[in-house]
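Letters are used for the chains, namely A, B, C and D, taken in the order the chains are written, and counting of residues starts over at 1 for each.
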Amino acid sequence: MSDHVSEQSAPAKRPVQLFRNMSAKIASIPMILTALVVFVGGTTWTVVHSFTSSRLLPKLDFVGLDQYERLWSTPRWLISIENLAIYGLCSMILTLTIGFTLAALLDRKIRFENTFRTIFLYPFALSFVVTGLAWQWILNPDFGLQQVVRDWGWESFAFDPLNNSKIVIFGILIAGIWQGSGLIMCIMLAGLRGIDEDIWKAARVDGIGTVKTYLRVIIPMMRPVFITSLVLIASGIIKLYDLVVAQTNGGPGISSEVPAKYVIEYMFRAQNLAQGFAASTMMLVSVVVILIPWAYLEFGGRKRG
Amino acid sequence: MVDVAMSGPRGPKPKKAFSTRNIMLYGTLILVSVYYLLPLYVMIVTSLKGMPEIRLGNVFSPPLEITTAAWTKAWSEACTGINCDGLSRGFWNSVQILIPSVVLSIAVASVNGYALSHWKFKGSELFFTILIIGAFIPYQTMLYPIVILLREIGLMGDLGGLVLVHTVFGMPILTLLFRNYFTSIPEELFKAARVDGARFWGIYFRIMLPMALPIFVVAMILQVTGIWNDFLFGVIYTKPDTYPMTVQLNNIVNSVQGVKEYNVNMAATLLTGLVPLVIYFASGKLFVRGIAAGAVKG
Amino acid sequence: MSNHSVEIRNLDLSFGAVEVLKDLNLDIHEGEFLVLLGSSGCGKSTLLNCIAGLLDVTDGQIFIKGKNVTWAEPSDRGIGMVFQSYALYPQMTVEGNLSFGLKNARLPKDEIEKRVARAAEILQIGPLLKRKPGALSGGQRQRVAIGRALVRDVDVFLFDEPLSNLDAKLRADLRVELKRLHEQLQNTMIYVTHDQVEAMTLADRIAIMKGGQVMQLDSPANIYNKPRNRYVAGFIGSPAMNFIEGELSGGVFKADGFEASLAGYDWASETPADGPVTLGLRPEHILTEDQVDNGTVTTEVLADLVEPMGADTLVWSSLAGHPFRFRMDGQATVKGGDTVRIGIDMTRASVFDVTSELRL
Amino acid sequence: MKLSTKLLAATAMVAAPAVHAAELEVTHWWTSGGEAAAVSKLAEAWEAAGNTWIDGAIAGSGGTARPIIISRIIGGDPMAATQLNHGRQAEELIEAGLLTDLTEVAEANNWADLINPPSLLDACTFEGRVYCAPLNIHSAQWLWLSHDAFETAGVDVPADWNEFVAAAPALEEAGLLPLAMGQQGWQQNIAFGTITIGIAGVDNWLAVNRDKNIEVAEGPAYTAVFEAVEAARALAADSSVQDWNLATNLVITGQAGGQIMGDWAQGEFQVAEQVAGEDYSCLPGLGLNAVLDTGGDAFYFPVIDDEETRAAQLEMAAMLVSPEVQVDFNLAKGSLPVRGDVDLSAANDCMQKGLAILASGEGILPSGDMNLSADTQTQVEDLMAEFWSSDLSAADAQARYVDIIRSAD
C-alpha cells in the first residue's frame, strides 16, 4: 500500500532525469569529453586504422588482418612481448616487495626516517630519460661498476647487463625499480600508518612475531593499498619506453625491445602506421583483459564489504 | 609499601645500541640507500669532472680537480642547432608551460573527483572506468588522433593546445586521487551543507576545497614532475621559440655525432631535474600525508 | 609472597620530557576486578599498556603472580587483553581470531579446539565462529575480542575501554555480562574506563587517576562517600558534587548567608583547626519535601531552572553565592522562580582543605 | 601570380637582395658540433639576404624528429622548411598535397643539369614535379682502418676486405679487436649493405634492393654475403659499444683494427687530428668494388597558406643548391656536394676519393632510402640487429631476409 503511494507521488515531484544533478553533469563535461573523444575516440581511430595499410599518413584502405598476421610473425614483436612479460612480472613483484619492505622498515619507529624516506623517493622526481642515462653510465662495463670491482682486485668480475643480450632486461629492471619503488614505498607507508595501533598490540599479546604479524595480519589488511600500487605499477610497465630508449635503445641487437617501442618505431621510423596501430591495439587489448577482472573484483567486492 | 626491596629487573628493558635487530634494520636501510643514492652521486661527481678525467677514471671516483665548466656549458653555452645558449633558453618556456598546465589540470581533475564522489549520476562510473583504462595507454600511440583533434579545434601549435593535452593526460590518475579523497570526507558534512542550501559549486568551494589541501599538494607534485619532465608533447605541440627545457636537454644528451660529453650531459640532466627535485625535498612530509589521504583510502 | 596478583612498584614513564606516570604504586588482589578510572590523558591506558608490556617503563618494576615481568614480552606475562577498537584480525574468521595466538604458540590441536569451544560457549558466540569480523555487529565483535583473551587461559585480563565504541543500550548489556563473566571466572581483571557508571557497577576497587598518579584506590562505596580529595569528589557522581567555599570555625561551617554545624561528621583525623575550607554536597544527598526535616540543617533556595528527568528532577539554584544543584523526586512540582526549602545532612557531606584539597 | 613568384625565385638565384624580409622556421636534427656548424652556414647565408632563420633543432636523429615533423605537418601548423632524408619517405605527404611544389625553382636554376648524380633529383621528383632541394651526399660504404692497430699486430694495413679478414687473427693475437661495431641495427645494416656490395657485387645488390628479385636473394651470391657477415660478426664479438662514434673512437685509438661506417666517420678522425693515409686509411666499397651510394639530406617545404611565405620557401630552396652554400655547407659537414661544378680542393684524402668516384660517374648507387621503403628498411635493420648480436645462423638469417624482401613494397 505504502509502496503504491510513493510510486504515485514520486515521479510527479522528481524533475526530469536528465536535469537532475545538472551542475554535476556540466562540471563533468571535461571528463566525459576526455573519456569519449580522446580515449574512446582516439583508440577507436587507432583500432580502425590497424586494419588498413596506412603508411606515413592515415588512410582507410582496409586490408583485413594482414597487419596482425605480420605482427605475430615478427621476431622483434615476440621478443618485445617476452621482455615486457619478464620485466612486468619482476617489476611488480620486486617493486611491491621492496616498496613494502622499505615502508615496513621505516615504520619501525626508526631514527632519520625523513632522511631515508627522501632518499628512497627522490628518484621519482627524475624522468625516465635521466634515469636511463644515469644507469647506463653506472652499468657501463668500461667505466662503471664492473671496472670498479675489477680495480679492487676481482679481475674476473663480470657484470655488464647492458651489453649482454641474455640479461639486458634485468639491467633495465634495476633502473626501473630504482625510479619507481619510492612512490610505492610512500603509498605502503601511508597504508601502514593507517593500521590501527591496537592490532599491533593484540598481536604482541598473542605472541605473534613481527615478521609473522606483517605476513599474516598486516598485509592481508592492506589489500586496497596493494591494489592501488599494482594499478600504478602496471600502468607504468605497459608504457615502458623512454627508459629503454635512454638506456639501451633496444640493444644489444633487439634483445631489450619492448612493445611500446615497437609501436612507436613502426609508426614513425618505419612509417608503417597501420603496423604500429596493430601493435598498440594488441597492447590495449591486453590492458583491457587485465583491467576488467580487476574492476569487477574491485567494484563487485566493495558492494559486499 | 612493604617489600620495596623486591629483586629482579627494574626500569626499562636494556637495549643494546648494536642489537641484531638494529644492525639488520639500519644495515638494510643504509645498503638500500646506497643503491638509491648511487646515480645521484655519479651524476654530481661526473658533472664536476673534466672530460680527460672521465675517460681515464671510473665513474665513482671523486673528481681530482673540481670544475664547474660543464655546468656553465650546460646552462648557457651548449648548442641546440645554431643557438648556443644552453638550457637557459628553455627554462622560462618550461615555467610558462608548467603553470597553466598544472593549474588547469588540477582544477579540472578536482572537480571531476568531487562530482564522482558525491554527485554520482547515471554513467559517471562508466566514464571513470574509461578514464582509468586511459591511464594505461602509451601516450605516443595517441599522438596522431590528438594532432587531428587539435587541428579540428584550431589549437594546434598553440600554448593552449599543449595545456589541454597535459590536462587530458593528467586526468586519469588525478581524478582517481581526488575521487578517493573526497569519498573519504564524511557524507554527513556534505548532507549538512545541502540542508543549508549549498549547491554543487557552493559545497565544492566552501566545504571541499578547504579540506583538500593535502591531496592538492600530491596532485601538484605529480603534475609538476610529469609536465616538467615531458618532452614529447612539449616538442610537438609548441614551436622552437617556446620549446621547453627538456628539448634542449634532449639535444645536449642525444647528439649522436661528435664526442659524448658525459660531464655536460650529467650537469644538464641535474639542472633539468632541479625543479621537481627541489619540490620533492621541500614537501616530503606533506606528500606522504597526501598520498595517505588520496591513494590509500577508498 | 603475597596474594597479590599484580603489583606495581615505583613506576615511572616519560615520553621525552613529558612524564606520564609518576612513581606509581598499585597492588591488585587475586581475583579482583580493578577499574582504572580517570579523564582522558590521566595515564590510565598508559598504565594498562605498561602492565601488558606494550610500553617500556622508564623506571620501576611490575610483578604478575609474584614474578617480575618488567622486562618480559607481553605474550609471556600471562595476560589477555581486550581493546577499545576490538583489534580483531579482519581477514580471519572468528575461529581464526581465537586460535591464531594458540597456533602460534604451537599448542596441540585438540587443546586449541577445546579452548575455542569453551570460550565460544561462555560468550555465546558459537554460531559466529565461521564468520569474519566484518560481518559482525559491534557487540559481537567485542565478545570475540574478549574470547581472544579468554582462550589464552591466563590469570589477568586487561580491558582497555572495551565498551566505549558501543551504543548506550549495548554498553549496559555487555556491562552486566562482563560482571557475570568475572563472577564465573574469578580472574583478576584490570579495566580502564572513563565512564564512572561502568566503574561503579563493575569494580571491586576503583583507582582514580590524575596526572599519572593514583588519587584514590578504594571500593566504589568509599570512593563515592568518602572521596579522598576534591578532585575525586568532583569526578565521581553525576550530576557533580556542589562545592561551597567557606570557613570552618569551631566545628561550624560558615559561608555567605549559610551556616551549618558539622557535628557527627567523620573527620579524617582529629577535628581540624579553624580556617578556610570547601564544603562538598552531593545533589542527591539534599533532602526535599517531606524529607527536609531529616537534615541536620535546613535552608531555603531559589530555583532558577528545573530539569524534569522522569525518575527525578534536577533543580538549579545557588547557595551562599555558589551554583548549587540538587535532586528532587520525579513527581515534584517545582517551577523556575519558586522558593524551595531544603534540608542538608552534614554527616554525609565532605569537607576539603582549600590548599591541599584533601578531605578533612 | 605564378609568374611573379617565378621572378622572385629567379632574383634569388642571382643573389640579388631580397625584396622583402621573410621569417622561416627550419626543423632539422643536426645538433652535434660539426653539424651545427654546417647549419649555421645555411643560416648565415639565409640571413645575409635579409631574412630570419628560426632554428628548430631536435636531436636524436630522424627517429625523434620525424614524428614531430610529420605531426606538425598533418596538424596543419607546419614549419616552413624541414630536413628529411630524400627518397620514398615524403611520397605520401606529396600525394596529400602537403608539400610545396619546387618545380619552378628547379627549372629556373637548371637543377636537372647541375645536380650530380641525377638520381638525387629523381628522388625529389614525384610525377614529374620537384618537391625537395637536395643538400648533400653521404655514402655509407667505407671501411676505416687504424694504422696503429696493424702496426701493433705486425701486419700490413689491408687493401681490401679479404686482406682485412686474413689479418684479423694477428690482431686478435695482439689483444686487439679486429672489427669495431656499434650495437645498433642501423650500423649493422650499413655493414651488411657494404659487405653485400663488396662480396656479391653491384648487380646482385640492385637486383635485390631495387628489383626485389627473390631468386637472387635466395641464391648463392647472397649466401656468401650472409656467411661473410657471420664471419664479420665473430670479428666484432667483443665490441660492446653502442654509439657509432664510440666504435670509431676504438679505431682512432688503435684498439680496433677497423670499422665499417659511412663517410661521416671521418669527422671523428679530423677532430682527433689524425691524417688520412698516415694514421688511418679509408676504403670505399671495402676496397673490393669502388662503389658508393648516394644517400644524403634534402629539405622539404610544407605548404603554408601564405603567399609571402611560399615565395620565401622558394627563395630558400634556390639558396640551398647555390654553389656558395654547397661549398660552405659541405666542407663543414664533411659530406659531398650535390653538384659537380663546385670546387672542393680543400677536402681531404678520403673526401677526394669519394669525389673522384662521383666525378667518374661510375659505381654510383642509389641509396637504400630510395629503393626500400622505411618499413622494409626497419625490418632489415631489426633482422641485422638480431643477427649481429645473437647466434642466429647465416642460413636462417638469409631465409628471414628473403621473407622481408618478398613482402617488400
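A few notes on this one:
Following the convention adopted for this analysis, a residue touches a chain if its C-beta (ideal position, glycine included) is under 8 Å from a C-beta of that chain, and two chains touch if they have at least 3 such contacts.
Every value quoted in this text rests on a predicted model; they were computed, and no experiment measured them.
Considering every other chain in turn, the ones in contact with both subunit A and subunit D prove to be B. Greatest centre-to-centre distance from subunit C is found for D, with centres as Cα means. Contact counts per chain pair peak at A-B. Centre-to-centre spacing of subunit A and subunit B amounts to 16 Å, using the average Cα coordinate of each chain. With each centre defined as the average position of its C-alpha atoms, the distance from subunit C to subunit D rounds to 92 Å. Look at where the CA atoms of subunit B average out and do the same for subunit C: the two points lie 53 Å apart.
Centre to centre, using the average C-alpha position, subunit B and subunit D are separated by 40 Å.
Counting partners per residue, subunit B has 140, 143-144, 148, 250, 253 as the residues that reach two or more other chains. Listed for subunit A are residues 264, 267, each touching two or more other chains. Looking at which chains touch one another, you get A-B, A-C, A-D, B-C, B-D. Those residues of subunit D lying in contact with subunit A across their complex are 62-63, 66-67, 70, 74, 89-93, 96, 183-185, 240, 242, 373-375, 377-379, 382-383, 385-390, 400, 407.
For subunit B in complex with subunit A, the touching residues are 25-26, 28-29, 32-33, 35-40, 42-43, 46, 54, 57-60, 108, 111-112, 114-116, 119, 121-122, 124-125, 127-146, 148-149, 167-168, 171, 173, 175, 199-201, 225, 229, 231, 246, 249-250, 253, 262, 265-266, 269, 272-273, 276-277, 279-281, 284-285, 287-289, 291-292, 295-298. The touching residues of subunit A, counted against subunit C in their complex, run 196, 198-199, 201-202, 204-208, 212, 216-217, 220-221, 305.
Interface of subunit C with subunit A (complex): residues 49, 52-54, 73-76, 79-81, 83-91, 100-101, 104-105, 134, 148-149, 152, 160. Interface residues of subunit C, counted against subunit B in their complex, comprise 1-2, 9-10, 25, 27, 56-61, 63, 68, 70-71.
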